[in-house]
Structures are given as structure tokens and as C-alpha cells.
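Heads up, the next two complexes both have chain A, just with different partners, chain B and then chain C.
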Partner chain A sequence: MALVLRFLNGAYIFRHCPKPYASCPYLVTRFADYCSSSLQNPVAASGRTSSQRKSEGDLQGHHQREVALDIASPEEKPEVSFDKAIKDEIKDHFRRLKDDIVNHWIGPEGRPLHEVLMEQAKVVWQFRGKEDLDKWVVTSDKSIGGRSEVFLKMGKNNQSALLYGTLSSEVPKDGESGRSGYCAMISRIPRGPFEKKRAYDWSQFNTLYLRVRGDGRPWMVNIREDTDIIQRKNQMYSYFMFTRGGPYWQEVKIPFSKFFFSNQGRIRDAQYQLLLDKISSIGFTLADKVDGPFFLEIDFIGVFTDPAHTEEFAYENSPELNPRLFK
Partner chain B sequence: MKPLVLTTIMSTVILGTITVLMSSHWLMIWIGFEMNMLAIIPVLMKSFNPRTMEASTKYFLAQATASMLLMLGVIINLLLTGQWTVLNTPHPITSNMMTVAMAMKLGLSPFHFWMPEVAQGISLSSGMILLTWQKIAPLSVLYQISPSVNPNLLMTMAAMSVLVGGWGGLNQTQLRKILAYSSIAHMGWMVAVTTYNPTLMLLNLTIYIMMTLGTFMLFILSSSTTTLSLSHMWNKTPLITSLVLAIMLSLGGLPPLSGFIPKWMITYELTKNNMVTAAMFMAMTALLNLYFYMRLTYATALTMFPSTNAMKMKWQFENMKNTTLMSPLIVSSTMLLPLTPMMLAMF
Partner chain C sequence: MSWAQALLLARGISRGWRGICGATVMGSPFPQVPLQAPRGLHCSAAATAAGSSDSWLAPPPPPSEPQKGPTKALAFHEELFQRAPEGTRDKADFVRAVQNFGQQNVHKRGHVDFIYLALRKMREFGVERDLAVYNLLLDVFPKEVFRPRSVFQRMFIHYPRQQECGVAVLEQMENHGVMPNKETEFLLLQIFGRKSYPMLKFVRMKLWFSRFKNINPFPVPRDLPRDPVDLAKLGLRHMEPNLNATVTIYQMPSSTDSTGAAHPAEPHIVGIQTPDQQAALAHHNPARPVFVEGPFSLWLRNKCVYYHILRADLLPPEEREVEEIPEEWNLYYPMQLHLDYGRSGWDDYEFDIHKVEEGPVFAMCMAGAHNQATLAKWIQGLQETNPALAQIPVVFRLARSSGELLAPSSGLEEPPPPPPEGQEEEEDDQQRQHQGQS
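Moving on, here comes the complex of A and B:
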């Protein structure tokens, strides 16, 4: 089932995308989504109006001018092969299964136990090549009919990732939205063989470390836990990241104890500690109600143990605010 | 939780299990299971957070499905035999159905997937109850229907459980998950001998409960939920560190500790009944369990992992947690091997 889904998401395409076939509208959309991680930033389920497609095409053209170095060389011919795609996909999954079994034998995360236990800092995401961008998804209020735009590309010398775009808090005129104006960059959920969901175990670290360079705008860092329950997919833990805007890089350290809990976009009175053994994804959101361009350059995202930080949870629950917890 | 509420809930948990133990009517057994399940849910959610809620939901779904399957087996048994009594030999179809229902309740493979997730999501004290007390009722039902249980089905599930318990626990760093996989493996050993000598199953259960309770109490005393926090225990309580060494090796079934008794007796019983291959397979896969216990022991007691200076000050603070039962449990978890003939005579 997972293989069929992967195939429908995009056939095997060597770096250069062919024109979409008019007879397969479903595949048309999926081709555009799959092959454009380098050439075009994947946008979450957008509206289906032709005007939006046109504006996307314009933006894509604009973006392609900026990333001219990404165009494939003339020697590489575009090739679409159904059989090869399926075979390669199956081989890839079985190879990952074999690696999984071997790594399971070696130790946690494929490394010996003493190495994992003595680790005090770890770089989880870094941006050194196009394949690092594939681990992220960018989204904006375009999915609800807004006018914000967001793109993700590699920075200069392939040493960082640049998240940029334009924020627009113009409310979509659909009769139901009251507010608008957000752009986000979310990491993809790590997958194992046969698309099995995985989670990060950061239980031996206590602080998030980010090396970023922004434009002075306030961002929100969101962490989601791995869950099997649908209702919990709207729950996340957030904290603020204030960028300085100067030419110098900024090292942001956020202890995990500071993250506050929110459900369905609302900060809850009852606060719970962020449990670090099953982290699913991290995201950066900009929603500061200031229209205009923005950018955020990210060098790497890591976690480390700060021995001076002993706080377990920064917020307390009180019987007045949440009596249910104190029954 | 308020004391009155906690007393009521815990009484219901205990009453549910005792109802199952004392009943000879299938409907009363089912009622006992339901009482026990519904009362344990708030115990699992004692420290309320989204993770415990998810763990309790998963536990409820697994147990409710098993109870449903048990009820289906009971009703089919009623249709085929016209009897509600437990002691009457049920029809093979119904005994298989009941076996599968009990396997789901116990977390035997291939119905074990809920066990590590639930154990990881709840607190240490709730996990202690889940992995010890909650095993008594399903095993008592298996004990009662053991003459009519399909031995091939049970042996297959037992072998798979020992393998899954050993393999799954291999690269875990979370202690509750390690103990959950340990529970799966031990349940495999217990049900393997059920059709040949059910009293050995009870002996294994008793020793397993003592060892698991002792382990959990040690972890609760040091508030350790990960291998890393356990590896820093040498800083805070060196005596407890050495006890962790003993109890881990006992859980792994190494002689001359208590944990060796059930493995030895079960292997002997299986060999007596010409199940040499199964006994050999289970003994070899038990080495996987021993491997991850040894790894825990290595990290905890055999090496002194580097730690910060802040940890070294904890020795001066007296531990205020209740340790009444810890001493007898640890003694009985490690030093009972010489009493094996007496225990065999008792059971």
C-alpha cells in the first residue's frame, strides 16, 4: 500500500521534470509536487483555481531564475520508467529493512550504547545540499486562500538554507476565515522501511540549539510529538525565537522545559511538560501580523545537554486554572 | 488523586481480579475482567498528560477487544455445550478463541504491540501494576482451560513472544519499554509450559512478579526512566546500583539467582515431554534478553559513566520514598534458588 502511494506521489524522474500529461490530471498535480523539491518549494494542499496555478507558475518561473544553477545539464536525458521505478522502490525498502535489522543489533540508532549514552550534543538537521531540503515542507496560508508566499532554497555556498517569502495578512474572502497571515517550515516525519513512522528520541538532551540569521522578526518554534491518535495531531509545544536581523549569525538555545502546550492553535490553561522520547517534527512559523517580505537563514538545528539547566518544567498548573487536574 | 477515590479504584482493581480467580461461571469471569479494566484506566492516567491519555486509550482498546473475543467464545461455548461452567471442557473452537483473548490481554505475540507503547506512556508506579497485577487474571483463566487448550497454538505464541521480547528490547534506552519487552518474553515462558505442567506456570508467575516489583521499586526510588539516568545512579546511591546488578541478572535467568529457577524447570519439563527443539529455541532466544539486561548492568553498575558535579551532591539528601517492601522483594528475587525443592513441593 505504501509502495503504491509512493508511486502515485511521483514516478521515478531523473532531476528534470517533463511536462505533465493532459490525460492524467491526478498525476499532473502529483508530478508537480514530487519533482519540485529543488526547483519549486512544495506547497501544502493548495487551492485548485486556475489563477492560483497561474500565479504559482509565475512564481516558479521567478524562482527558477534565482536558482539557475539547479537546472540539469543537457547531457542528462529525462527518463520515466514504470518498471524501474517499482523495482528500485522495492529494493530501496528492502535495503532499508536490512539496514534496520543490522542497526537494531548494533544498538540504539545504529550506534553502540555507550556512544549514545555519552553523547551530549547532536546535530539533527543541517543544510549542506539539496537532499537536506527534501526533509522539509513549507506551507503558508495559501492553503486556506491567503496571499502569503514562502520558498525554501539553499543559501550561499550550500552552507545554509534560506527560508524567504512575503507575509500577507489579507483575509481570504471565503466567508469563514477571520484571520490569515502565516508561513511555516515543518520537518517531514522520519520514515523507516515500508514508510513506517519513526520518532526522534531526545530524552538525554535538554536544550534545543539553532544557528540562524533572521531579519528581526519573531518566529515560533513548534515541536510535535509522535502519536497514533488523530486528535493529538493538533497538539504541539511552542516557544518563541526572536531574531536580531544583523549580519551576524545568532545561536538560539531554547530549553525544552520552556515549551508550552497548545491544542488546535490555542494555548491551553492546563500545561504539560514536553516529553522528549517521541519527537515527530519541528517547525518554524511566522505569524507576526506584519505584512511584507521576510527571510530566515538556518545553518543547523541541534540538541544538546546544558548541565547548568536543571529546570524540568517552567509552567505550573493551579487548582484555580485547571481544577480537573487536582481532583 | 484523593485518598478516598484512590482506595475505591484500587479496591475495584483488586476485586475484579479476585472475581476472575474465584468464579466458575464464564459470565462472572468476564465481569471480573471488565471491572478490572475499567478501574485500572484512571490508575494509568494518574499523572495526567496527553501521553498517559494516549497510553490509556491504547490499553482500553486492546483489553476491550480481548474481552469481546472472550465473550464471543463464551457464547459459542454456551451454544455448543449449553454450559456456563468453566470446569467443563470447552469446544476446541471456543478454547482457541479464549486462548487468543487471553493472549491479547497478556500481551503475547503477535498481540504484543500495545504493551511497549502503553508501558512507556504511563508512570513507573502505574507500569508496576500493569506488568504484575494485571497478568494474574488472564493466566488464571489459561490455567483453568489448560486441559483443552491447543498446545500447538500456545507453543507457537510462546516461541514468538520469547523471540519478540528478546529482539524488541535489544536497542531500547527507555526502561519502561525494556521491562515491557521483558514481560512479553516472560509471558512466553509461562504459557509454553501451561499445557504440560500448569503449576510451573504459577511458580514462574510468582517469581516473575517478585523480580518485576523489585525492579520497579528500584527505579521508582531513583526516579529513573532512561538508561542514562540509571547510569548516573552510582553517584547518588551506590548500594542501589549493586542491587540493580543483582536483579537484572536474575531477570535474565542467570544462576545462582532466583530467575534461573523457572527457566530451568520449564526447560526440564519441555524436554521431558519431547519438546527438545522448542526448549532449545527458547533457551537460545533468552540469551537476547540476557544481552540487554547485561547492557543495562554494564551501564549502571560495572562502569562509572561521567557525570556533572551537580549530581554528586544528591547523596546528602535522604530519600523520602516508601521502601518497606523493597528489601524482602530483592532478597526473594535473588536468593531463592536453594529453596527450589520446597517451592516445587508447594506448587
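Moving on, here comes the complex of A and C:
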């Protein structure tokens, strides 16, 4: 409730300030969207200190404390004063807006154009500090009443992230679930100033690169595009990542042409390739129906252009399943 | 109300009366068909009435067996699956139960419920990955009855409950990774016709299963070996990417007379080492210790095995040897070939990040027990092939069942996290892992 009040307050103040963004109702609906998406009970990453963090970090810490009931973290009382927090948030958003405008003159995302065009390998997510963990949300089937647990923390020496937990495929007794047992780590959607949703543009790359160390379990990598449109709410592109296990770091290269399309959890008959210019988030899911503890250590996640890979899309549509595509 | 509704109401009332009257009559111990017979609107009323009137003379279902407990009611055909004594349930019993259903009921009444029950019971009998059993179960459906005969029947879901049941059978096949074959296709054709949901699901399974059959770059065989030594060998070969590695069995488990389980004092010890690792260990500075770390978990399909590793810390930058590039002594062909992706100076496929570096791993092993004595035997066995190991101090860092591997605590640019905090976190992990495993 306090969250909504603060957002509304913020919206009221912003209404009177001139800004290049769209009109007020659009802003309010965007905030409402952010509220509703944050009420989906993500399991908060452990090891977070939610106190003394500015702007949206503060907000997230606030809703984590309301929502994360299963992490036994010590109850820290941060010194929160609403006015100060709102002022900090406003200042932060304006600073980001200023950076955005200034960076637009330098080039895309603040880097000179020739650097962006010639880039052939890019590190998108790395895990070298606690703030890198904040870009990820960790969920499990606890949200539907299951018993899997999953936690995300920094690995040894702050050089990698460790996602670990226990998978339990015990079906929750709510009368409507037939199966259970999944854990997922999803990246947060990148936001610009005033919480405007941004997207990643990977159109010049063609392979996803992950440096991981697992325990032999098969994971699924899911890429989601912009999910604001209601038809796209449950659509994602997925592929499998097989870990080897063992003490050696494993490099996983998945070309984007291998991702298949699925909607509401089912593979669809009509397949089309993943278009890389508006990617919202990426996620890793473990749901291999085997109960027990698991772990996955991630060093970094990047995208690069594999010059040896020329395939555009790996799956053909079949006329038996989709006669309308072949008329 | 309309005449159709009145008819249905009258039929329902008459059935109810018959049920009450029939409860007092003793008869054969066979179970009775459920109150609302699953007939579609297409069957004639006479057939339904005639069919149900026979059964209403039968008694109510038999009282629940004492081993199930009085509170849980049995499903209708459950006693077909309980003929075998406990502990010896196998495929033959399951097949016999399914065939008995067919023999008892010529008209296959209640086949949908029976199929759902059989799908639930498959796991107990251990036949959930057997295609022949699934085909037998699909055989339970009456043939040619549910096929749509007109375009309208094809448009609307013809016999929806039966189609849902067929899809449920195929879905269980999909969950267990069973690929259907031509017999399944023929059965589905006979039962549901070509334009039905089970047939559509079958086509999808054929397509996607064949696409994803070989995508695992590190395949693990479906039937894992029972013998722990073979399992250890498989696991070690799975983890080690170098094919030159040699697997050595340092100790076989000594079998006892009665149970055949490994003697607790002599568990199996299987180790693996590559020639590169051997060379690295020979060059290792004896002043620096090597660590035996473990146990770490490795999952092979649905079995978890644990392994230990022998590794050393990363050398600090000043002590690292610079590799000398020898001058080219062979003018006919190059002795070292570096084939990179880059075409020339403008191509750069390297990531702009400092990858995580960890100390070298010298050997790995899987042992039956995770105590220091067993691992000491492994080290002794290793000393036969690596005589340099005799001079190097070995430190045992055991009793960590958390998933992560220890990174070297020194020799990197960033300062390590404070140790008591790290250990506390690991103890929490350990407790959680124990709770997860127990």
C-alpha cells in the first residue's frame, strides 16, 4: 500500500514537470504495471542488504521484505524516511534522463558508434559483485505451493554467482496442479529513466555464450521479448543447456537460431526464428523431474558472433501440422 | 421444462431408487459401474438404460482393504492391481490386470477411469517407460466407436472425455521420454481417427522427439550400471573432457557373504588422471601444498554421485612461469598451429572480461566413503604413478557438502571475503543441503 502511495505521489509531482516523455496517464499506467508485476512473489535473492540503497533499490528492498517469507535473513531496520527517499528517487531519475540525452549524442548506450558496430563479442551479464546479483530474480514453484527452494548468492571470491537449492517435484495439493518442481533465475528487464522499459538489441550477434559450471543437470534457457502486449505475455523462446558436471568450467554456446518458440509452456506448431532486436529478459529454468539438491555456478553471460554459424533457423514448419502456412 | 429435461430427470430418479434398492442385494464381488455412465449423447437411451439396469443389481463396491486404511476409498477397478503380493509387482502382473479388465467387461464399461487408474499405477509396477505396455493400454479403448463420421463431428471435439484420456496416455509417454511407434499410430487411427487430438499430439511427439533426440552433447545412458565401480567409472569419464585420461581402480569393494553390499571399511576408490595433469603435478613446487577437496555432487540422470578432487592453489602472478615460445626449428611445416577465428586485426572474438581463474586440478576420484582414511588410500595409490606427490604436503579440506567449489584464497587481485562469514554461509548451505537430501 505504501508502495502504491509513493508511486502515486511521485506521479503527482511529475505531472507538473515538463518532460519529453508521454503524457500522465501513460506514466501512471506504467507505474501500475510495475506494481502488478512486482506483486508476483519472486523469491528474493539471499544475501541482500536492503537498507541504505537509493531509488529503485530501496523500493525493491521494501517489497522484498513484504514478500520474501522463506528467506531467513536478519531483520534489518533501515533508516527510511519517505521524503528523503522520494527526493533521492527523483534526483536519480533525472540524472538518468540527463545521461540518456547526453549519451544519445555520443552513440547508442553512450558508446561511440564505430565501437558498437564493430563489436563482435559482448559481455551482457557478469557476476563480480553484489550489485550484479540485483539484476536477477529467482523463483521456484513455491509460488504455486510447491516445495522447491532456490537461492542465489555470490560464489567464492566474488568471482561468480552460485545458484543453488533443492528441487522437489511434490505436487501441491490445490486441486489444479498436475505437476510441479521447477526453479528459475530470470533477469530483470532493463529500465531507463522513469522506469521506462528498455530492451536489448543483439541483432548483430548470433550466439549466446555462457561460462558455467554445473552438476550434470539439464537446464533450459528462455529468452523473452517485450511482454507488455497481451498476446505476448506468455511467449518465450527456449533451448536446453546441458551441464557436464565436474570441476572444470564449461563454455556453452547456443546459437540463437536454435531457440524454439513456445506459448504458455507448450511448444507451438508454427515456429519462427527469434528476432534479436527487442529482447527483454533471459532466464534459466531447472525442471528435470529429479528431486534433490542442485547448483549452478555462472561466471558470465555474453553474446558473440560466431562466424562459422550460418544457420538462420533450425526448425522447419511441417505441412501436416500447419497446412495454412503452406497454401 | 422441456421433454428432454423431464426424461433425464426421470431417468436420474429411477437410477437413484435402483441404487438404494440394490444396496441390500448381495451378488458377485465385481465392482459396479459409476452412477453417470460416460456415454455421449449419441448412444440410444435404450442401450444406456439396458446397460445400466444390469449393473444396478450388482452390490456396492467391496469394502476397502485393511492395508489401505479405512478412510481412503478405492477406485473402482483398483483391486485388479492388487492381486500380486507386495514387493513383486512387475510387468507381467500389470499386463494381466489390464487383460482382466478386458475379459470382465466385454463392453469395456468405465474404461476411461480404468485407464487413468492404470496410468497412475504404472510407476509402482515399474513399467512407465515400456512402450508395449502403453500400446496395450491404448488397446483397452473400444475401436471404431469414437471416430468422427461427419464434418460436424470432426469440427467439434467428438467424445471429448475419451480424447482427453488418449491425450493423457500420450502425455505420460512424453513425460517419461518414450517414443511412440507405428503400432501406436495404428491404434490411435483405429480408435480416434486422423483428425483428433490424440493423433495431433502423436504427430507433434514424432516431430519434436526426433528433433531433440540427440541434442545432449554429454549423453548419459538410460540404464545406469548398478555396480558402484562401473557407475564411478562412467561418472569420471563423463566429467573429464580429455579422452587421454586413464581411469584407475585403486580399491575394489570387498563383498560380504550375506548381503553383497560393500564392506564399510573397504569402499571402492576409482580415480582418473590425464597425462597433462600428471606432468603438471610433477612440476609442482613441493613447498606449496595440494588440497583434497570434496565431496561435490554430480548428477547422472537421476542418480547423484560424489567426487573429490586434488588441486593446488593458483600461483601468485610473480611466481608464474612465462611460457617460452621456441623458435621455429622445422622449416617444412609449423610445429604449433594456432587456428583462430580472427581473420585479421579487426576481428576480435574475445570477451572483454577477466575469466575466473582457478588453480590446476591434478586428479579426481570417486570413493564409497567420504572420510579421510579412504582418501588417504587414494593419495597413496596416486603416488605410484606420481612419485613427486610423496614430497608434496597434502591438506584435506573435506566435509563440505555445499555445491560450490573452493576458489583459491590467495593469488588473485581482489581481496578474499572474510573467512568466518564464508564458513557460516557454507554451514547454512550444508544444513540446507542435508535437509534437502534427508
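Everything below uses one rule, namely that the second predicted complex is superposed on the first by the 247 of 327 C-alpha atoms of A that agree within 3 Å, B and C clash if a C-alpha of one lies under 4 Å from a C-alpha of the other, contacts with A are read in each partner's own complex, and residues count from 1 in each chain.
Methods note: a residue touches a chain if its C-beta (ideal position, glycine included) is under 8 Å from a C-beta of that chain, and two chains touch if they have at least 3 such contacts.
Since we're looking at a predicted model, the values are computed, not measured.
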Superposed partners chain B and chain C on chain A - clash or fit: fit
Partner with the higher number of touched chain A residues, chain C or chain B: C
First (chain B), second (chain C), both or neither touched by A:Tyr272: first
Which superposed partner A:Glu176 touches (first chain B, second chain C, both, neither): neither
Which superposed partner A:Gly107 touches (first chain B, second chain C, both, neither): first
Partner chain in contact with A:Met118 - chain B first, chain C second, else both or neither: both
First, second, both or neither for A:Asp83, with chain B first and chain C second: neither
Which of chain B and chain C A:Asn158 touches, first, second, both or neither: second
Touched partner set for A:Pro293, first chain B, second chain C, both or neither: second
Superposition-derived minimum Cα distance between chain C and chain B (Å): 6
Chain A residues contacted in one complex by chain B, in the other by chain C: 118, 307
Chain A contact footprint on chain C (complex, rising order): 175, 200, 203-204, 207-208, 211-212, 215-218, 220, 235, 238-241, 296-302, 304, 307, 309, 311, 341, 346-353, 355-356, 358, 361, 364, 402-409, 412, 414, 416-417, 422, 425, 429, 432-433, 435-437
Interfacial residue positions of chain A with respect to chain B in the complex: 103-109, 113-114, 116-118, 201, 203-204, 225, 227-229, 232, 235, 261, 272-273, 275, 277, 307, 310, 324-325, 327
Contacting residues of chain A [partner chain C, same complex]: 47, 118, 120-123, 126, 149, 151, 153, 155-160, 162, 164-166, 179, 209, 211, 213, 215-218, 240, 242, 244-249, 267, 269, 289-290, 292-295, 297, 299-300, 302, 304-305, 307-308, 315, 318, 320-321
Chain A partner contacts - residues on chain B that touch it in the complex: 1-2, 5, 48-51, 54, 57-58, 117, 120, 167, 170-174, 225-228, 231, 295, 299, 303, 305-306, 308, 310
